[in-house]
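In the two complexes below, chain A is the common chain; its partner is chain B in one and chain C in the other.
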Partner chain A sequence: MNLSLNYLASVFNSTLRYMTPILLVCLCAGVCSKARVFNIGLEGTLLMSAFFAFLTQYFTRNIVLAVLVGMITGMAGTFIIAFFIVKLNGEPMIVGMAVNKFAQGLTTFLLQMIFHTKGTVSDTSMKGLTKVTIPGIKDIPVIGTMFGNLTVVDYLAFALSIIMFIVMYRTVIGFRIRCIGINPEAASSLGIRVPTYQIISTTLSGSFIGLAGCLLSLGSVTMFMQNISAARGYVALAANNLCFGHPIGALASSALFGFTTALAQVLQNSALKQQLLNCIPYISTILAMAVFNYANARKRRK
Partner chain B sequence: MNKFKKFGSKFLEALGQPFVAILISLGIGAIIIGLSGKDILASYGVMLKGAFGDGYYLSATLQRSTALIMGGLAVCIAWRSGYEAMGGEGQMIFGALVSALISYYMPGPGVLKILVGLAGASLVGAVYSVLSGWLWEKFNVTFIISTLMLNYIANYIASYLTTYIVKDPQSRDINSIQTGKLIEEARFGKVGGLFQSEGLKNTPLGLYFKDFNVHWGFFFSLICAVLVYILLKKTKFGYQSKMNGLNSRFALYGGINAHRMLYLVMILSGIAAGLGGAFEVYGSKYRYIDQMIFSTGYAWSGMVGALLANFDPFGTVLACILLAGLNTGGSAMQRSAGIPVETVNMLEGIIMLLMSVKLLHLIVIRHKVRREDRKKTEELIKNGKEAEA
Partner chain C sequence: MTEKIFEMRHIDKLYGSLLANDDVSIHLNQGEILCLVGENGAGKSTIMKILYGLEPPTDGEIYVKGEKVHFHTPSDAMAKGIGMVQQHFMLFENMTVAENIVFKNEIRNGLFMDRKRTIETVKALSEKYGLKIDPEAKIEDCPVGLRQRVEILKILYQSAEIIIFDEPSAVLTPLEVESLLDTIKSLAASGKSIVLITHKLQEVMAVADRIYVMRAGQVVAERLRSETDTNELAYLMVGHHPALRDISAPKPGEVLLESKKLSLHYEGRDILKDIDLHVNAGEVVGIAGVSGNGQTELELCLTGLQKPTGGQVFLMGKDVTNASVKEHREGGLAYISEDRYLWGSAGEGSLAENVLMAKENRAEFNRHGFLNQAAINNYTKELIRRFNVKAGDTDQKIRELSGGNAQKLITAREIMMDTPVLICCEPTRGIDIGAMEFIHDQILEKREQGCGVLLVSSELSEIMTLSDRIYVLFEGKIAGEFKRGSIDEKELGMVMLGGKRE
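Presenting the complex of A and B:
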């Protein structure tokens, strides 16, 4: 294997590209966990928003509209989950799984009805998200590769994690949301309308999932295939567990998962077969959680 | 009379909720079918006929329900005890793969092949299930994440093995990723010819069951349901596990060994799921085919069945047969009306969503509260008037 600097730079680049969808979903999961809405419907919401963003772009060829539709889908999915959990007192696990199952059925159904296929839909004439080229950096050899091929939403994801930190830790609204997470009764006794806060905050954060969906179907490749989300929603849930819902920590934990996915891609030409390489992100998720929780438990004991 | 009423309300509570959920989801399904420009009534007619229409379709439904029932029972055991594990899929995949391999490569008579294969499937299912339990107890990795990840890992590993290591030696087609086909003796026999004696042959019953042909796996899964019922409702373990599910701290206080409980529950649910995979191999596929469990979603449908039945073993059997019927009927609908069978996935999602909130409960409770409120205010007014007088 050729371990040149340029090669490492391209690994770094694909790490960035794989981590941003997970980061965005992880930010949403962070808000949900802080607001005490246990959301495992992230996966299905992601799948649906990827699909509807793709569909809009396919028919209107208007990228702004496509992103908007993706965000609205993300918000709608998260709203349903939050509403069923908070207002109707549903069992969170079941609500989330129901949304995942529904999304799977809906996307395959529409794929079949509109494109008459069950596999992959792609259209080479379709434009994806706008790529950002920073003028000075592009021509520098290594750094140019490191930050090449990134879309607007990729940069937005990094910006959002900082914005979310400010919102959650430096504003009154953020304090209230975190207060609800720590003790809903106390928050309610202070006059905070707990259910309203829970539903609105999680619904708004659902738009991040929409952005992540756009990245999947309109990012580096413009295509949609059955089950394109490939458990990224669950991985993001694990990433959120690692960083305790902290937006800046989410950067680190999603980078870890982005890296393992990139690793699986890098090793493609080695002796390991594709099917085993596909396991790497899932195995590393379990390993990361196990190691992290174990270390944490030991620290607490001391 | 009172006792009768109590029984009636219990009955209504158990059946009303799933009934309403299924009805609403079918209604939404009707809207979807209508929107895609198809005839609603005809589509549902085809669906009903394709699920339970005659002996042939009924046996297709029952055969499909076999794996669902086993997956559902696995969920019953685990969730009732408070462990919300969703690893049935991975356990089923390994159960199917291991049983197919053992029965293909092991020499000996057919019965022995099946028995060792079933033992192997339950062992591997239990081990894979215990793995997630161990990860939870030792490293605090939540069940949702560990089991979901293990499902994906199991599917990829099984896919790797069938592609490169244990591929069917006799297969000429390069694209068929599967293990070798089991010999005739190492398969489950079929039960058919019900009500076909001379006297009954031409009655409606005989005509209905003319093409009825179901493998033994279905009946084994019914036996498993009875065993699980006895285990959960009639033994000390069943009571302890229920207490653990309702309130784990109370269970601990009551002297239940949490460590032992966790592993016992995990082993039992793993065995059920592993056997489900093996039944599918011995009963209908006769080999392990890549993605055969992952893409059909047996474990997930089984989970929906268990939820519909509120984790009651017999209810799970009924719900799973119904869900399997929804799917075989959906396939018939796809063939004749061109509506993809995935619509059924959507309907299952809606059923789950509605079951999660105990819809009927909500309405009934609201109604009761309102009635009591009214009574109270009326009493207050009455008391007030009396005081005035």
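Presenting the complex of A and C:
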């Protein structure tokens, strides 16, 4: 009994660790969708953030600086996307895909140039993000496992979803951003500078992608490998769709994807083929979207 | 001597080579209701857009309270106390009424929205001007009349003193129009100065103090309400007296379109209940009623766009109850829908493409799957000429046409389908007298040819003029059937509101 409880606790723990990067990206996607900037370049932005955060840590061994660089990369990527879409009237699909492809190319290229490898870089002497140990909890058997191994940024992710709720739904700025997303013409007819709001709000939220990138390359493992983001940007996009850009809803939808990823890992020891298991998070994405959209369409028809 | 709150002197406005405003000089007095009347394209909206800072004038001067102004954006105009209720509402759909009203000048508590005070302020504002609203209702749940009220409150919240209404009644039901006119009067009584742009002369006579008539970009007349009447205004607007129609006696032939016990049940409500109606060859049958009493659903059921939940529809004697739209059209039905942009046309499509719709498989336009562009363009040009549509080239977007001209082109397309049955819904909503007369002529011409026309309209005078027979729709049921001349407008109005004929 004790064993199986511990087992469940470790699944819970994996769920938390898998969900936080998705949650952070999802929070950025939420701001983008509320401000009506259709951003599918989350994936590429995430990949670049993970890379530059890792690179900074590798050479400076200064974790605060590494996180900062990650956040700045996230903001830069999001700014480029928002600027091209809002100011230069670019087709959002093309702009987003361009950033994704660019990120893949750039990170692979720099990996080759700097580390002379096409695969994985790690350095055992390198430290990742600071792990948080809550005194007292650590030694309680089950609960200790549930909340073990989480970094500052993991906790920050949860806090951010509450903070973002307050920002978006309680403050004047959030109110204006949501209004702009609903009807940009109406907002500008009242003399609001819509593009400025759109670009600044999405760019700032890009820092969340930066934090997610840090979690990938400096979180539970300290390493960078090619395509380390592994479609998490797209999964976050789907998660954002499920929660309609609501920061608290983002907790639930990213938990769903965190859990399915954890499940895939748990089942590794079973008879199921590895390739099949790797599909679980993605199949569940498709299923969740289908079920959710169907239910939604029905509700709207009423 | 009353004070002039604004004055525009010798305004010219050029769009390319088109002179939209030609030496227009107008002014508004404090507390006055001024009406600008004229046909579509007469330049009345243009002159107000200039005043509201949406368009710069090519030439001329504007004075607000004696001070010369240059507006570059609506914000400049708003800062001088000028607000405009646009035809297309500028609202945030899933925000509340109160949130919409305070946007940009939010009531805040530091960084945060102060919800309680927002609601209180909006409530106080609505009470002050007698404009009843629920501050916490979502806009998406508000009917059009309420949304307009929110637009008005929005302007009042920004403490505007001059309020411009651009064709405010075009989107409203008759009851809503009445309450709007009351609102306008009470706003003027409370000291606001009002400009009302319209081409509905009954409204003008109901509220105006003073009237400018515009035609072809110029002010052709200035009248006090007390010294004019609708006849004179109509004459001044169009430049000639509206033709009186001589309608021949109906020669009804066989039944072309018929519904038997047609019902539509939706979410526990009867939208349509046991509708028995028929349209014979050679007659125009009107469906009268206050909008929202099932007209839209009736037209959808009759055209195959919506499957009824009970009863039957017969077209040319054939049961088409569950047939597709295509089968309806092939069976002899053409349809002018009530919303010309939502269903009647593809706004972004060219004139030629819109004319081609439903004719794309005809041999003269389609050779083995390839479109014959030359033939299509020639055909479009012919329709534009014959139906007197003011349009540029055939590859112009239909959305760029004025409402009246777009409607003429859609009417042309449907009439040229050459079908025995034509259903027209609100064929003249929001268009000017000239285009309206033209479309009415087309409908009567269709009747002369021995076709059956079903006319759905919330415009009573239209129904009264054109229909040989009238069905009144009330709460989804037929509340009465009347032959031409057997009922007057007042009695019909009673039946429409659910009353019995006196």
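In this text, the second predicted complex is superposed on the first by the 299 of 302 C-alpha atoms of A that agree within 3 Å, B and C clash if a C-alpha of one lies under 4 Å from a C-alpha of the other, contacts with A are read in each partner's own complex, and residues count from 1 in each chain.
Note that in this section a contact is a pair of C-beta atoms (placed from the backbone, for glycine too) under 8 Å apart; a residue touches a chain by one contact, two chains touch by 3 or more.
All of these numbers come straight from a predicted model, not from anything done at the bench.
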Chain B versus chain C as contact partner of A:90, first or second or both or neither: first
Partner contacting more residues of chain A (chain B vs chain C): B
Which superposed partner A:124 touches (first chain B, second chain C, both, neither): neither
Which of chain B and chain C A:269 touches, first, second, both or neither: neither
Touched partner set for A:186, first chain B, second chain C, both or neither: second
Which of chain B and chain C A:171 touches, first, second, both or neither: second
Chain B contact footprint on chain A (complex, rising order): 40, 80, 84, 88-91, 93-95, 97-106, 108-109, 112-113, 118, 231, 234, 237-238, 241, 273, 275-276, 278-279, 282-283, 285-286, 289-291, 293-294, 297
Chain B residues touching chain A - in the complex, by the definition given at the top: 32, 36, 84, 86, 135, 138-142, 144-146, 148-150, 152-153, 156-157, 159-160, 163-164, 300, 303-304, 307, 340, 342-353, 355-358, 362
Contact set on chain C toward chain A in their complex: 73-75, 78, 86, 90-95, 99, 103-104, 106, 108, 111-113, 267
Complex interface listing, chain A residues touching chain C: 170-173, 175-176, 178-179, 182-183, 185-187, 189-192, 302
